[in-house]
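Mind looking over this structure? Questions follow.
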């Protein structure tokens, strides 16, 4: 972003380290989300277990980034872009941690799902999952490259995820009503979908932070679209 | 080289050498300071030592009978009449009264040289002031002559008395007297004279041979010839001396270039001129008549160590002075003449009062001109002057003026003030103006330094609250710089006070026997100043002037120390820290 | 009471009245609000006082200058004495009143009295500083003028004056020998001056420099407090005292010493004794100038050297002296110019014989001695003998001026570095 | 050097600037030190001038009370207006101008007089007090405003130079206040002080802002951030950027400002 | 905490303003949570609507606090306690915003719930809600007073909420299986419970920040308690 | 004054401190300026001394190379050890000590010599180079280490005083490095410099830390935070707190440290 390097190289390095940590954490979270969908779709208990394990790593990274941010603020008094980069890293790491948590939550639900019948709607969840992973990927790319346009695109795309979630919700509800045996697993699927929707929300947050980081201005959320009756009020 | 221990070794290797160099360097510094202090002490010490005799004076107090017909020839007691009196005669008579035996003209001249006739004028003044004295006999105090004074202070010669217990019988009481003793009491004197003669002959011979040696080393020429002839003369003189030395043990005549021997016997003094009969008989003139011609068992031989030819105070004068002193007519006291009298041809009456007044008048003019002009110039240059060619010129100018030799200012004064403007020569007014010009750069430079030392932040502060430049300078800068300005001005004036050369140029070197008046009119009267007085006296022919010079120096130094003490006091008292 | 005292008193009253009038008028014009005045009331007062005093003093000054001519013009008239006595004061009073009247009308609320007063003060200051220039002009003109007359008297044989080997101005006093060649050859004087200066500097330079170094770098505060004033005493002693010292103490001592080691022809008034004493006189000059210069070297440089592990002498020799060198050179040059121009010591101690010799035990003469010799006593201002003193003065002035200019340049450069 | 991008202070440009500079150039001899600075400085707030050494920030500051007049070789062109009144006009008396525009310097410079006389000097030369009690009032008010009254009220007759550095600087501010200026210029007022004294001065500046137009030149970006509401960044004699302090320190628009503020020095 | 005030008063005031803003925001969020439970229990549509409206205020406050935090960091270079207070305010405001969002989400669900039969389990939700509101209240109190002990107590109490949630989850599941008509409303109730559980989590975060703010050290989360089969994997 | 709470540097107290102070008291005449300071300063890191004016931080610094010796009235008691070797012992030669402990001062003080001679000064007086080429090497290495080589390599024969303030300060650092010291003391090395020069010096300090034990006294807390790994806070001559810089600036244990760092001055 800045061609000129910091005169105090160590400061520049610290900032670089911070953003590369965030990027690495993003990669980890992205992998967790992709894998948890696979775990649900393939009913893969081992993968689910590994996700739960890997999420701990994400949590550790978040704590490290938080420490690093406080350290930078306390010792370097960052200003302007540097300050924004620091704040953005802090916020994004928080979102990524939540994403990791949500992925972990999804992975946990595979245990329950595996015990019941295979749910038909895994297809829908898989599609929604791919969409979310795609957005997450784009957002993180935008962060790494500092491309505002990409971030805005990713931010806009969240509506699509919401639509997906609403249709899934309705379908699952119908499903449960049709076959009460499926209630337990469908409920789990409901939560999986909800979690994916939340992950999408966090992507939006990240995209907003990228926008702030680059331009210094906040992206204002569009006014909430009125929800239809059967859609889930998010 | 980055290895810590090897660096340490490298450092340690050179350490002893470096510390030796350190000690050497330091000792140079100490030596320099010791040298400076030693010279200062030597200077002050030698001047102090030389001045001692000038601060005391031996006063001759004679009973003087102011006979009416001699003092008041017209008899009307009017000032005119009193002035016509023959006071010197009265003084001469008074002195003769003390030594009735002195009658020869030549001896009388010697006797009257014990005081200076200028004292007659003093006596006249005393009588004129107090006509009631006429006809009375008073004790008149006057300084004894400078030689007598020096003699009394032991600065002309030492003398040794040898007590004799051999019976000696003088041949008479006055005139030519020969003293006869049974034993050769005077033999030692003969031996001493012989020794003395021989030594002097040897010294001459040594010098002659040195001349000859040198002449041999030279090419033949006028210089060599002169040397050779000099050597020949010396050898001839040595010959004569040796001859008289050889016969000395037989009969010696104590010539005046040998130590004088005085025999004090029976209350009189006989100057030994010849010794004969193997030292049993000494013959000479009675300088002071003997009371009787009886044989005496207790008498004294007094040796005056400096030969009579080498001093300007004769044996007779020594004896008379001693006699006067013994009679209680000579008293030693603090020399007030030094301060109350102006210059005089006679050292014993010479004083610095005239020079002091001249100095005061001169300094007054200098101060009045140099200080205000100098301070104004400094203020202008430091605070107001724009940076341009003119002010640059003034600056360079002043810095150069400060280092122009003082004598050049004298030339300026001579050419401009005296020749061009026609101001009087030798006047304190002109001297003050010349010294003012000379002091001006010093005052300007020290004032500027004082102004410069006031931090610019003070000026900014004053300007910042809306003071004008003039207000800034006169309210803030000048008060802060004042101690420095005063100190600098005083030091400048002190310098001017000690300055001699430029005043020589404008004729302030004249002999001024009357002190100028302190009134404004005195500014144009001829005057001299302290340092010039010192210069004049240092040239004085009379030996007593040496002491007077030293004393005048002490007075001048005291003045300058007072000036500088004032400067130090002002600096201490008013110095502000910021 | 004398006329002048009455005049002075009247003028004083008039000026005070002017001051008071200005003040009151200003206060009145402000209609009770002094803060609305452009200048403080006092400045209005000063303004009127100046306008009263200056015309009056100018008139008095003019009367004094032209009093001579007026006197001769009116002496024919009766009652001229009264007119002469009372005229100038009355005229001055009238002038002062006129000035007061003219200036009075200008007092107003917005009148910039302060600026006017300040401009007047500025003018006085400027006039003062011009006197310094006039002095130099006076020196140069008088020296040049008289020198030209001298050169004219010796038929413009300037080269003989500058390079001639014989100096005997007494010859020239005889009318028939005016301008004879060889009489005014100043080389012996130059040589004598140079020899004495060299001797003096040989003493003063090392002693002064080392004393300064020791005082500023080694001595403790107590030593500094005692030794510095002692050196200052040395500087404050008038030169005539040094001369006396040289004449009576040093000269005889040197002669005795010279005789003792077998040097012939040693005299009391020798170049050596004058040079030695002059050297002593210049010691404090060198040491105080060097001290200033050394102290101007910032403490941080010393700290830097000490922190590198340098010893004191290394710090002095390798850091402080190189840093102070230009200043020290300047100081030494100033000392040389001082030695060259010094008069009294040489007059008293160096003798008067114009010997061209390299033997320091002999007596020599210097430029300044000759100036003194030529100009003391009775002078006829037309004789080349007297005029030659001015030529010598010109040489002296030119030489010292050149030295000073160089020295001041050097010192200035040095100062700029650390200001 | 002549072509330059001047960021105009668009959003916060005050409608009625207290001090308005328009195309101000300053030359030192033949060298131009300030290039056409145009800016409006609002009343009742603190405006900070920042920038590297030699960027001309102090020079611009000194055009406002014509302190450049005291430097022989300085020459100012362009217009400087206070309340719409031209400052550089020939008929403006700089003395009166400086009574309207107080100034505080880098090094505390109290007069070596008593504390009382320090404060009273300005009112005295400008004839602001007609009686002793009026003067006493001015002194007390000024010292109170400068937050120094409690510390010195019992020793007003002692020299101002005996105070600590920070107190001296507050005394100097009180002295400036005493002539009731409208604008107070401060040229690096804390650079000679330690952090404690600095904090106290900054607190004082913050309090004074309610009544004066304060302009402060500072080396320390952190200080500019702390005390000012508006910040102007100068570089090589140009006004590069001028805006709200928060804006400048979080989101400067010019790359040079950005680089300077974040410590990217070439 | 510090007896001595800031030398630069404005800085102290800004910090006070910040923490009082956070406290005010906390009060608002707390009211939202309490009200949304009332809305669910009483099936009060109007209250629900007002909650949705009031949440916007919380969002606005969060943005304001965020701005203020960045302002303080950029302009005041806070250190030590001041820095921790700033960071804590930032984090807590974020949590409070989430809490507001979750309350809003619950309120939205009342619309759906109101359309169906009254659910039996409102009692359980109400109880759980009260518990959560209580914790939130305690935590916010701890923030205002700087009492670490209270914060730690509140932090520990989150386990209770989790237990409540698990039992509610099981009950709702059983319920749905028993009566498929209730599926839609029960699903909503499920989400309400889940949201309450999330609010509890946010309380924990806040308690952690209070601990960090006061002591400068982080409270480390206890290792997750192994979940029983039928409990919801959170 | 005598009773005091001394926070011991527990966690980060290095096992083998490069410089170890034990109960160091310093007196100026009858006045005690430093009270029993005990601390161990680790090698290959930057340790900052902070505290208000007159807190004794500079005085403590100057005990390490015995610069207090050059002040007549200063007296130091207690033990100062470098690598376990007592510094204050009578038989320790300050010349050797100062060759081991370099020092950089507040005002850049290059000698008025050429850049080359400035650097070569130390090696020359200590006889560290046996040949001209060896000396050339030392000069080049030192200038490179000080990051100045690129700027001055083509004008080594020009005077060091002609450089800018920041360059002069780096020259002075290079001069200190040239005698291969083990410890480098810096007494407010940036207080006379502008932000740009300051940043460059800070960068240099950060680079040098890899090879030297650096101790820096600074007024600026921000600077201490930026450059140091360890920070010691002094107050009224006491060492109040000593610890990792991050710890001190985010979570100091002593209330006085806390108050000072957060700007709460009495």
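Going by the order they are written in, the chains are A, B, C, D, E and F; count residues from 1 in each one.
By our rule, a residue touches a chain if its C-beta (ideal position, glycine included) is under 8 Å from a C-beta of that chain, and two chains touch if they have at least 3 such contacts.
All values reported here derive from a predicted model rather than from experimental measurement.
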| item | value |
| --- | --- |
| Fewest touching-chain hops separating chain E from chain F | 1 |
| Any chain in contact with chain C as well as chain F | B, D |
| Rotational angle, Cα trace of chain A fitted to chain E, multiple of 5° | 180 |
| Interface residue identity across copies chain D, chain F - same or different by half | same |
| Pair joined by more contacting C-beta pairs (A-F or B-D) | B-D |
| Distance between the centres, which are taken as Cα means, of chain E and chain D, whole angstrom | 49 |
| Separation of mean Cα positions, chain E and chain C [Å, integer] | 92 |
| Between chain D and chain F, centroid-to-centroid distance (C-alpha), Å | 35 |
| Set of chain C residues in contact with two or more other chains | 114-115, 309, 311, 314 |
| Residue list for chain D, restricted to those that touch at least two other chains | 95-96, 125-126, 196, 199-200, 221-222, 225, 249-250, 263, 265 |
| Multi-partner residues of chain B (each touching 2 or more other chains) | 11, 18, 468 |
| Every chain pair meeting the contact rule | A-D, A-E, A-F, B-C, B-D, B-F, C-D, C-F, D-E, D-F, E-F |
| Chain F residues touching chain C - in the complex, by the definition given at the top | 65, 67, 70, 72, 94-99, 102-103, 105-107, 109-113, 121-122, 125-126, 161, 172, 175-176, 179 |
| Chain B residues touching chain C - in the complex, by the definition given at the top | 11, 18-19, 21-22, 24-26, 28-33, 35-37, 39-40, 42-43, 46-47, 50, 214, 372-373, 376-377, 379-381, 384-385, 393-394, 396-401, 403-412, 414-416, 419-420, 437, 440-441, 444, 468-470, 494-495, 497-501, 504-505, 507, 509, 531-532, 534-535, 538, 546, 549-550, 553, 556-557, 560, 564 |
| Partner chain D, residues of chain C touching it in the complex | 34-35, 37-38, 40-41, 112, 114-115 |
| Chain D contact footprint on chain A (complex, rising order) | 2, 4-8, 11, 77-84, 216-217 |
| Contacting residues of chain E [partner chain A, same complex] | 63, 70, 73-74, 77-80, 83, 87, 94, 105, 108-109, 111-112, 115, 173, 176-177, 180-181, 183-184, 187, 190-191, 194, 218, 227, 229, 232-234 |
